[in-house]
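Down below are the structures I want you to see.
Below are two complexes that have subunit A in common, paired first with subunit B and then with subunit C.
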Partner chain A sequence: MTTWDNAQRLRESRKRAGAPYAQGKRVAKKDATALLEAVIRPGDRVCLEGDNQKQADLLATALAAVNREKIHDLHMVQSGVVLPEHLDLFELGIARRLDYAYSGPQSQRIAKLLFGGKIELGAVHTYLELFARYYVDLTPQVALIVAVSADREGNLYTGPNTEDTPAIVEATAFKDGIVIAQVNEIVDKVPRVDIPGDWVDFVIESDKPFYVEPLFTRDPGAITETQILTAMLAIKGIYAPYGVQRLNHGIGFNTAAIELLLPTYGERLGLKGKVASHWALNPHPTLIPAIESGWVKQVHSFGSEVGMDDYIRARPDVFFTGPDGSLRSNRAFSQVAGLYACDMFIGSTLQIDLQGNSSTVTADRVAGFGGAPNMGSDARGRRHPSQPWLQAGKEADPDSPAALRRGRKLVVQIGETFGDKNVPLFVENLDALKLATKLKLDLAPVMVYGDDVTHIVTEEGIANLLLCRNNDEREHAIRGVAGYTDVGRGRDRKLVQQLRERGVIRRPEDLGIDPLDADRRLLAARSIKDLVRWSGDLYAPPSKFRNW
Partner chain B sequence: METLNYRHKAPQRAKGSKRQVIVGVVASGNLEVLAERVLPDSECEVDIRTAAEGFGEIWQAVVADFVERRSPGGLKFSINDGGARPDTVALRLAQAVSAIEGERT
Partner chain C sequence: MIAVVSETSKDHDDASVSTSSWYEASARQRVEHLLDANSFNEFIGPEWRETSPHLPLFDLPEQFDDGMIVGYGRLGGKPVLVAAQEGRFMGGAFGEIHGAKLTGLLRAARDMASVPVLILFDTGGVRLQEANAGELAIAEIMRALIEARLVGVPVVGLVGGRAGCYGGGGLIAGCCSALAVSEQGRISVSGPEVIETNRGVEEFDSKDRALVWRTMGGKHRRLIGGAEVFADDTMASFRDAARYLIEHAPSMSLSTLESEQSRLAQRIERFGHCSDAVDIWRSLGAAEPENLPALHYREFAALANDLQEPRHDAR
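Coming up: the complex of A and B.
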């Protein structure tokens, strides 16, 4: 006879196995590993909450300490591979298969483990794609999550870094999985309920606050004149003519420079109120001067940023905050916002090929993607019009009838032609291809596909790929802004000149910009201390950014 | 340490009358440029001492473009390079000409 409640009964047996370690839902820290050994079964799909920023570090350590005779062959499904323990699981044989999105700080070690066959890689996902699979074919049997505080019923307060938690818990709790939360403290009443208690099975109080990576802090002191020049080009050559109001910025120094030029250079160009008013963005400290100068109407965030909490609390008109006053972030919703409701993504990358494909994977680093692929792609399901979207669609396809023509999202890659240690940004072939061959992957890990990219900005100028009519033009538009790299020096000068005459390539002088004006004095803040001052002392930078 | 030297014909004399200027700093990823008005009006020379070896082809291209764009006739440039990227080199050279021509201080 068919039974229809196997998963429910399995869930009950897992809960029963964990019950001896719990008082109500509360489990002592010293019993964390025993609890995991009781609840998890070999081969389980486990989400060990490792987000872009916050980390379930106590649970990561506890899981790495399980007896591998009992627990092995786990399939880890988590967006961030960030802590050393995340990879220890594979070295110790506790976990075998991995589906993830981002591995910034572990990019070198993960590459070694992939090459060494210690990790069986499912795929490198975009955030939304991985969250989507939590609901279809990668639903976790056990989720190990992290929050600021819990009450006795298990109601959780995530604080400003809500990030991935709702997406993970919803998928796990409602498909008969077990949810275990580490919290900084157990309290009588949580400041607000971010995750309802009946979705949470066990709660462990940690003896120290969970780790959060300050990923979105860029020191204005490190911004170069060339980065300022690229920022001027972007503002005058893209933000202004398209009238981009709704947007997302990457985390590089070029976009930090743009944020710091809005109240100075942008103001001088008369753009206040016309561009950069509505954002899907983490609370970048470098956005503070633009916020204080009245440029920014609204910001929805994927996560928070270390040191920004008091500032956010004091600017509720700009940020999304709860009744308790602190930020409510949500990575899944903010990614959706960036995908469907923003007209532009602008960010940096490590390599761009001749067709505009870009990747942050290099020969010995597999960094994953972060948010860029969702932000940096055209949403084919989009139906609402906006001026920048319609204008970009028209440039790409001038001949179709306007009422039937799709708009285009502006996807802008910005950077200097040479990066750190004189490594060229432009390459004939992406290192991602070599990686795919070496690991026998069906797909090379491409971050932003060339056919989604609309503009490339370097110190040499702007290439508008929307105006290119064939692959040859596209290649030369790219070569034409690739400076003195091999790709740039391989240009056909005549063809590049023709593209410039058509406005496909625009040089600083074509936009009335003198490179000698790219001066650090243009930055609204030139140091972290300046940012603190702009914030009225509300911004509290982490110690590694304090140099006074 | 590598030394490179390039001589070019310049169609026009650099404006102004200042004898010499220094721009930039010697630091990793940066460079110092000394510009001196010591050559005949139709000539220009760029003398490079660089910490990064093997970038001769790129230097040659950067210097040729610079001379074509700015026509710094009469100037000799001595560069002390700490492995700056080409964009920084081009910027410092342009700054040096601008400074000796007296456009800016």
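Coming up: the complex of A and C.
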């Protein structure tokens, strides 16, 4: 006879196995590993929460300490492989299979474990894609999550770093999984309920606050004049003519420079109120001057940023805050916003090839994707019009009837022709291809596909790929802004000149920009301290960014 | 044999001079805005191409002024000799030519015996590629500096650049008649990375920038008497500080050294047990020492004057 409640009964037996370690839902920190050994079964799909920002670090340590005779062959389905413990699980044989999205600091070690066969790789995803699979074929059986505080019923307050938690818990709790939360403290009443208590099975109080990486803080002191030039080109050559109001920025220094030029250079161009008003963006400290100058109407965030909490609390008209006054972020919704409701993504990358494909993978590092491919791609399901979207669509396909023409999201890659340590940005072939061969992957890890890219900005100018009519033009539009890299020197001068005459390539002088004007004095803030001043002393930068 | 350099810069109007950042500026911009307008004359300017003989051996780029600008000009109408290090070239490090230019300037000051010297420090110390030549340069500079001071020449150091004032630069600063430092400025001998490398991250975490600044930064140096004047990070503030310190520079004699020795002994007695700069500030009587790094220029300058009168000579 068919039974229809196997998963429910399994869930009840897991809860019973964990019960001896709990008083109500509360489990002592010292019993964390014993609880996990009781609740988790070999071969389970487990989500250990962590992304490019917050980390369930206590639970990561506890899981890495389980007896591998009892718990083994786990299938980890999680946003980030970031903490050393995340990879220890594979070295120790506790976990075997991995589906993930992002691995910043562990990119080198994860590559080694992949080469060594210690990790059986499912796929590298974007955040949104992995969340989607939580609801289809990668639903966690156990989720190990992190929040700021819990009450006795297990109601969770995530604080400003809500991030992935709602997406993980929704999938796990409603498909008969077990949810275990680490919290900084247990309180009588949580400031607001981010996760209802009846979705949470066990709560462990940590003895120190969970780790959050200040990934989105860029020190204005490190912005170069070349980056300022690329930012001027982007503002005058893309933001202004398309009238881009809804957008997302990457985390690089070029886009930080744009944020810091809005109140100075942007103001001078008369763009205030006309561009960059609505954002899907983490609370970048470098956005403070633009916010304070009245440029920014609204910001929805994937996560928070270390040190920005008091500032955000004091600017509720701009940010999404809860009834308690603090930020409520949400990675899944902000990714959706970036995909469907933004007209532009602009970000930097490490390599761009002749087709415009870009990647941050190098031969011995597997950094993952995070959210960039989702931000940096055209949403084929989008149906609502907007001026920049329609204009980009028209440039790409001028001959189709307007009412049947798709718009296009502006996907802009920005960088210097020679990046960090004088490594060329432009290459004949992406290192991602070498990696794919080495690991026998079906797909090379491409961050942004060439057919999604609309513009490339370097100090040599802007290439508008929407206006290219064939592969040869596209290749030369790219070579034409690739400077003195090998790719740039491989250009056909005549063809590049023709492209420039058609406005496919635009040099700084074509836009009326004098490169000598690209001066650090143009930045609204030139140091972290300046940002603190702009914020009215509300921004409290972490120690590693202070020079006072 | 004097090369006259006429620098043209588009922001030489008064408003931008008073607000532009010392920390951000190049060595040439600092010299230009520190001195009276159009008064600077450079010795051995870049057109002489006196470049380092050592750097090409390492296939490293040279700079025509070797990162050191020396010359004379006027400050408030009075003549001064000036040396400025370019922190953006080799971290402002001392090499053979770089050092020789400063030695020469100080010897000229000694011989003239009447014109004060300003040293605009911005250095990580000795250039490793020129190890011995650089170390010798530091020794020669210190000797020349003391000789100049002994004949009554005030030698004033200004510290507020990106590279700070480290290594041999810290030693030379210690020989000056007086120092002005901004919040961004750092003065020390061993740098944070050097300490961490030799003594471990538990001893000193060089990545903890707040720790670096509260241990070596301008505010702390001002509070423990390591610098006489706390300057704001503007051209105008450093200009005011330079004029003030030239007027008030102490003389140099055996008794100066003796009183310096006793002040240093008092300092170690008073603060030797402290394990962090915050402890020192607390024992100096600061009400909320942990908030001190966040104070703005004016608040801090006032507080520093309340807590401790500047005590020259003991750095």
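Here is the rule we go by: the second predicted complex is superposed on the first by the 548 of 548 C-alpha atoms of A that agree within 3 Å, B and C clash if a C-alpha of one lies under 4 Å from a C-alpha of the other, contacts with A are read in each partner's own complex, and residues count from 1 in each chain.
The rule is short, and it goes like this: contacts are C-beta pairs under 8 Å (C-beta built on N, C-alpha and C of every residue); 3 or more make two chains touch, one makes a residue touch a chain.
Just so we're clear, the structure is a prediction, and the values are computed from it rather than from any experiment.
Legend: residue contacts after superposition of the two complexes on their common chain; A:Pro388 is shown touching neither subunit B nor subunit C.
Within the superposed three-chain model, A:Gly18 lies out of touch with both subunit B and subunit C [touch as defined at top].
Applying the stated contact rule after C-alpha superposition, one finds that A:Arg520 touches subunit C and leaves subunit B untouched.
Of the two partner chains, neither subunit B nor subunit C is touched by A:Gly338. When both complexes are overlaid on chain A, the residue A:Glu416 reaches subunit B alone and has no touch with subunit C.
In the superposition on chain A, no contact is made by A:Gly80 with either subunit B or subunit C.
Under the contact criterion defined above, no residue of subunit A touches both subunit B in one complex and subunit C in the other.
Residues 520-521, 526-527, 529, 532-533, 537, 543-548 of subunit A touch subunit C in their complex.
Note for the complex: subunit C touches subunit A at residues 11, 16, 20-21, 23-24, 183-184, 207-213, 217, 219, 293-294, 296. Within the complex formed with subunit A, the subunit B residues making contact are 52, 55, 57-58, 61-62, 83, 85-88, 90-91, 94-95, 98, 104.
Across the complex, subunit A meets subunit B through its residues 224-226, 229, 416-418, 421-422, 459, 483-484, 489, 515-516, 518.
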